[in-house]
Structure formats: C-alpha cells, structure tokens
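Okay, here's the structure, questions in a sec.
Labels run A, B and C following the written order; every chain starts at residue 1.
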C-alpha cells in the first residue's frame, strides 16, 4: 500500500463531510473516487494534500504518517495534485508553469540568482530541458512559449498535469481530469495518463464523474455518498451495485 | 493612586474604546463581505466630522448637523463603493486595495485643498461639554454620553444583523457569496447596506472624536482609522462583537498606559500596532473570529 | 540579445558620467531625484508587482536607511554640536564609516526589519501586509520623534556629508535594475509570480510561499534602505516629517503607471511621475485664471495624482508595460 487512510472523519463546524472512511491504494494502481456532488471527494483530496486537517483518523503515505505535514512539504514527499477548476499561473507561459514544478530540483540559492553565478545557469538549463521532455510527452512542446491563459481547455488540463508531474511525484491526485472535455479529447487524455503512469512509475488517485472514463482507466473504485463509503471494488461491479445506483439517482432528484 | 482617579480613567477608557468600536465595525463589515481593507474608512469618519463642523458654521443647530453629517458620510461611503470598488469586484485583489488607498489619499488631499491643513476648533453645545464633578471624579458629560449612544447603536446594529432579512444576508455573504445569489437576494444591495451602516457609524465616531478633542483636520482619520482596523483584527475580523471588544481593549490600554506610565505617552499611538502584530503572531483569527479563509478549496 | 543588453548598459553608464560632468545643477538635481525614486520604485515593484503582495512599506524603510547612513557618515563632533534635545547616546557617537559601507548598512538594517515584519504577516494570508506596513511607517516616525538621543527628535539631522552625486545615484539605479531582473528571471522570481497568480496552486507545487514572499519583501527593503541613505546624503538634512505616507504614495503611482511587475515600466514611470511632479508644481501655487486669482492650494497636485491613480486602476490596470519587460517585447517582436 502506498497510501492508506484509516478512520478518516472530517467535520466542518458540526457538519460531517466525511464519516469514518477506510481505504488503501496499492502502488502502481489507478484508483477512482466517485460519488454524487458534495459526497466529500475533493475534501478527501484536501486532507491527503494537507490543506485540511482531518478531525479524526490517520493518513499514511509510503509508511509515513502525514498528519501535521504542511501542503508544500507533502509535495516534496511525493504527492502532487491538480485542481477541479484548472488553476494555472495565468500570467506565465506554458514552459514557466511547468518550471514552477521543477522549483526544488533547481539547486541554486537566492544569492546565486541575484549575482547570476554559474550554478544559476547550469541548473536553469537542466530543468528547462527536463520540462521540455515532459511537454513533449503531452504533445504540447510547440506551445512552450504560449501564455497559459490563451490555451484551449484540453491543453490547459494537460499543462496542469504536466506541471504536477514536474514535481517528481510517486502519487498523483487528479481532480476531475476529463471534466469539460469532448470524447476525443478524453480519449487522448486517458492514453497520455496511462503512458505517463508506466513511464514515471506513478500511482494515480482520481476523482471523476465520467463513468466511461472511470471504467476504462481505473483498476479499482471507491464510491462515496454523503461522506460515507458505499462501495469499493471493480468499476464494472460498481455500476450495477444497488446502493451506488440509488445514490446517483438521489443526486439527480436533488438536481 | 486614589480611587477617584482610577474611576475617572476607567470612564475615559470606555469612552475612547466606544469611538474605536464604532469605527471598527465599518472595517469588519466591509472586510467580512468583500475581503477588502477599506483604507478610505478612516477618511469617511473625517468627512462626517467636517460636514458637522461646516453645517454648524452655516448656522445649522448641532443636532441637525449630526444628522446631515451621517447622511453625508453614508453617501460618500456608498459612492466610493459604486465608483471605485464595484467595477473591480472580479479584478485581482491588489487592484482593489490600490484603489482604496487612492480614495483615501484623494479625500485627505481634497479636504486639505478645500479647507487647509490647520486644525479647526470644533464647537459643541454646552450640555455635551459641561464638566461633571462628582466625589473627586472630574469628567466632561461627553465621556458618559459617548458609551451610552454607542450601546444604543450597537443594539440597533445587532438587531439588524440578526433579525432582519438583509442583516442575515450580510452575515451569510461574509461566508459565501454564490449561496446568497442563489437565495435570490441582490448582493449589490447588501454591499450598499454594509457601506451605509459602516459609514454612518464612522460619522458618529468622527463627531464624538471632534467633540472630545475638540478639533478636526483633514488627516484626523488616518491614525484613528489604523487603530480601529487593528481593533477589528484584535477582536476577530468579520465579527461585529469582536470589533467592539477589540475597540474597548485598545481604548483601555491607551488610557491606562498613558495615565499610569506617563513616560510612554509619546508612544501611545504605537500600541494598536503592537496589538496587531501580537494577534497576527498568536491568534490570527482574533478573539471572536472565525477563519474566513477556510472554504477556499 | 546579449549584445543589445551590453549596448544598453554602456549607454546608461556613459549617460550618467556625461550628465554628472556637463549638465547644469538644476537638471542634475532633477535627474538625481528621478534616479532615487527610480531605485525606490524598482524595489517597491518587486513586492507589489512581481510577488503581488500589496505593501505600503517604503516610507518606513527609506526613513531607516536615511537615518542609518546619516548617523554613520556624520562625524562625532558634528553630532555633539547638533543634538540639542538630549546628548547623543554613546553608540551614536562611536559609529562612523565611509559612505559605501554606510549605504550597505542601511540596506541590511532595513532588510532585517523586513524579515522581522514578515514573521507575523506572511504566516497568515498576505491581506494584512498593507495595514501592518502602513502602521510600521507611523511607528518609525514615532520612534524618530521620541528617541531623541539616537535621532535628535523632531529637529532631525543636518550637515550630513554630501557624498552622493549622480554617479552614485545613477550607478545604484543601474545595479538595482540588474538585480531585479536577475531575481525575476530565476526560479525565485518565477515562484514570486506563481504566488501572485495563485497562492494555493503555488503551494501545491511545493513552493514555500512564506519564504518566497519574505525574500521579495527583504530584497525590496534592502534597496529602499540604500535609497534612503542616498537621499540623506543628497539632501544633507533629514527630519521625521520627510518620510510620510506621501513618499509611498508617489512610488505607488510610479509602479502603477509603469505597470505592476514590470521593471522597465517602472523606469519610465519614475521619469514621468517625477517630471510630472515638477511640471505640475504650478497647481499648488497662485494662479491667475482670466484675471481671477485662485490663491495657493498646497496639495492640489496630490488630488490630481490620486485621481490619476484611481482612473488607472479602473480603466488601465496594466499600466504602460503590463507585467512584461523590454526584453520580452523584443522577443515577441521577433516571433
């Protein structure tokens, strides 16, 4: 198990968003988190990334307990994420966005950057090369100098994943990677995700509503409803599970 | 030290604290709703005091001058929002803050050009400035009236916030703007109301200040505004009760330190700043505050 | 690209040397003024424009820099003569260096104070930076007024040796400009922009936003301290009333006009605003319009400037240069 969540409960001022949740993700797996809106999926991401501190329970990553570790330190331990509503650095180019992910892999101090000492140049050259390699894998190397805010939606998603990959993670958290994409873009993206997963030896935890995408991608899924776990197992079994179907129908009624 | 001096200083502390509280409420309401430090708020207090002064000079009786001042401050506050802040609701926050500083500087310099920088004596009717002697305690009537009026205003504000539809909308707006839109309440009206309430209270605070000291000048709102903001943070930004508590703590501290440690008198204006730093270091949410930034993800 | 930069640098250096030796004193004094405000505005733009943290600190740090340099380059004998309210403290009498170390010291003291302010401010979200730095400016003034044995109180310091000239101010603005660009085009500058664009996303990339903001703030403070030192030596007399919020406001106008985040824009902004301040001087004085005397209106210029600032924010938020540099514009031109 690369990631284990034990007895996780999260309350916001009396409202229980996640109720006593237990699950584990095996190394090399693509694990899906599904469930109606407001089921607590993104909340769970925010607990794993240290943005929220759970009311109860423990998160164990790579045999190490994560409680009290700050969000930026969790990245250094090997967990990277994307956001539900793409959050690129809008004033920067595609390449610069990815370079931010390489921040800690460039070894020069602030003083060295002020005086432009040799290590500044050698390290910048190194990370720029590596950033271009990642962009090529996503097929967007030609967009390197384009401003990130002028990209198409699909390409913005790719940049966001590329940027997360640049931090050299072992576990990648993707929050609705296929949202807002057309079928061909979705297919393109799932191929890339599968490719980078093998090449970089990643484990992937993803939130998604597109059941076709989930079916095609995930080895295992966990279904959440109102913060409670109602199903864990193969995606093909999930869609025929009574409880799961009921939960989704309930969601439609509310909407 | 004898007991009457002590009581006298306590009364002064309550009075000064009330003034800070009145001004701090405006900061806390605007911050709660817009997440904006309204740098111009202290200057709106100055506008209120000046209008009261000018109206009296024109022969208007004090009581009517106060009402005119409150109206003028409300109009200034609402116009500031409509002209300068509203167009920037979706802009980066730094644009909004820069504009707020611009408005503050504009008001200060406009009044400086129109009326000069020399402090002007502010006159108030005798029933306010009369000195009371009671058992060795010597205080002007104002220091009694100020807390009483503040208390009444506070009850009105709390009633509006807790019992009226618009007040409840202000409180929910402080947490999540989209939800309020869904509820069918016009956020623009709520924001206007917030500026109106805050500015009216600032005008009252400004007049109290002018009666107590008793002079006014175009820069009078700068330091008082800064202190009131510190009071709001101390009490917990976003919370009206917090702003009042913060205002009183600050008012008491200033009076007590100056009365009993006269050597520190020159540093009186620095206490608010020290409080601000200490709160940020040890309890950024303040005494009554909730973490307004929690639901960002 | 490299050649263009070298040519620009040589032209700048030659111009400074030429101007110092050949131009009339009035023009040189205006150029000095532009250079000092340029240094201050460049450093101010790093924290505000590049890192996106709204701060109102310059007047405080400039005051500190001015006092440190003045006290370091004033000889002990003139300190004894000058301090009227209280005798100077022994340490004040003992401290003495030449001009350059004094400037460095000004920068270092300001940077250390910036670090101390960073701790309460940047641990929480940056919202409070503006109000804390605004308050800091007042506090510094209160201390300068009250700590008479260190500062001579409201009487200020006079007869400060006039070491500074256009070679100093011009040289230091060139250095400041280069340092700022070096920071911007490094991983630290990128991280500052990331924090400005989206702080949560920057954190999610492993960036320690506290340190990134603190670096930007300390660097700003350092050059503001140095600028303050230059100002003290150029004016030869300083007092607490010189370092009011007005100073910060002028710098704010410069960086907004030039473009928040653009160092090239800042230089243009400094020339325009300082030139404009000089040109608009008539506004504050007596005017005869159609035979009607308006009387003197001290502060009218500032009314004009504050309206300008508000209009800029409402209608031209990007300023002249946006957040790009001259070199970026060249690059884009080539494509």
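A few points about this structure:
Basically, a contact is a pair of C-beta atoms (placed from the backbone, for glycine too) under 8 Å apart; a residue touches a chain by one contact, two chains touch by 3 or more.
For clarity, every value in this text was computed on a predicted model and none was experimentally measured.
Set against the Cα centre of chain C, the chain with the most distant centre is A. Put simply, the chain nearest the middle, going by average C-alpha positions, is C. Put simply, the C-alpha centre of chain B and that of chain C have 31 angstrom between them.
Per-chain Cα centroids separate chain A from chain C by 42 Å. Multi-chain contact residues of chain B, defined as those touching 2 or more other chains: 297.
Contacts with at least two other chains are made by residues 51 of chain A. Within chain C, contacts with two or more other chains are made by residues 200.
Taken together, the chain C residues at the contact with chain A in this complex read 179, 182-183, 186-191, 193-194, 196-198, 200-209, 215, 219, 261, 323, 335. By the touch criterion stated above, chain A contacts chain C in their complex at residues 49, 51, 71-73, 75-76, 80-81, 83, 87-92, 96, 99-104, 106, 108, 110, 113-116, 120, 123-124, 127, 145, 163-164, 166-167. By the touch rule above, chain C contacts chain B in their complex via residues 48, 52, 54, 56, 119-121, 123-125, 127-128, 130-132, 134-136, 138-139, 142, 145-146, 200, 245, 249, 252, 256, 260, 297-300, 302-303, 305-307, 309-310, 313-314, 317.
Residues 35, 37, 39, 84, 87-88, 91-95, 97-99, 101-103, 105-106, 109-110, 112-113, 117, 222-223, 226, 229-230, 233, 266-267, 269-270, 272-273, 276-278, 280-281, 284, 293, 296-297 of chain B are the ones that touch chain C when the two sit in their complex.
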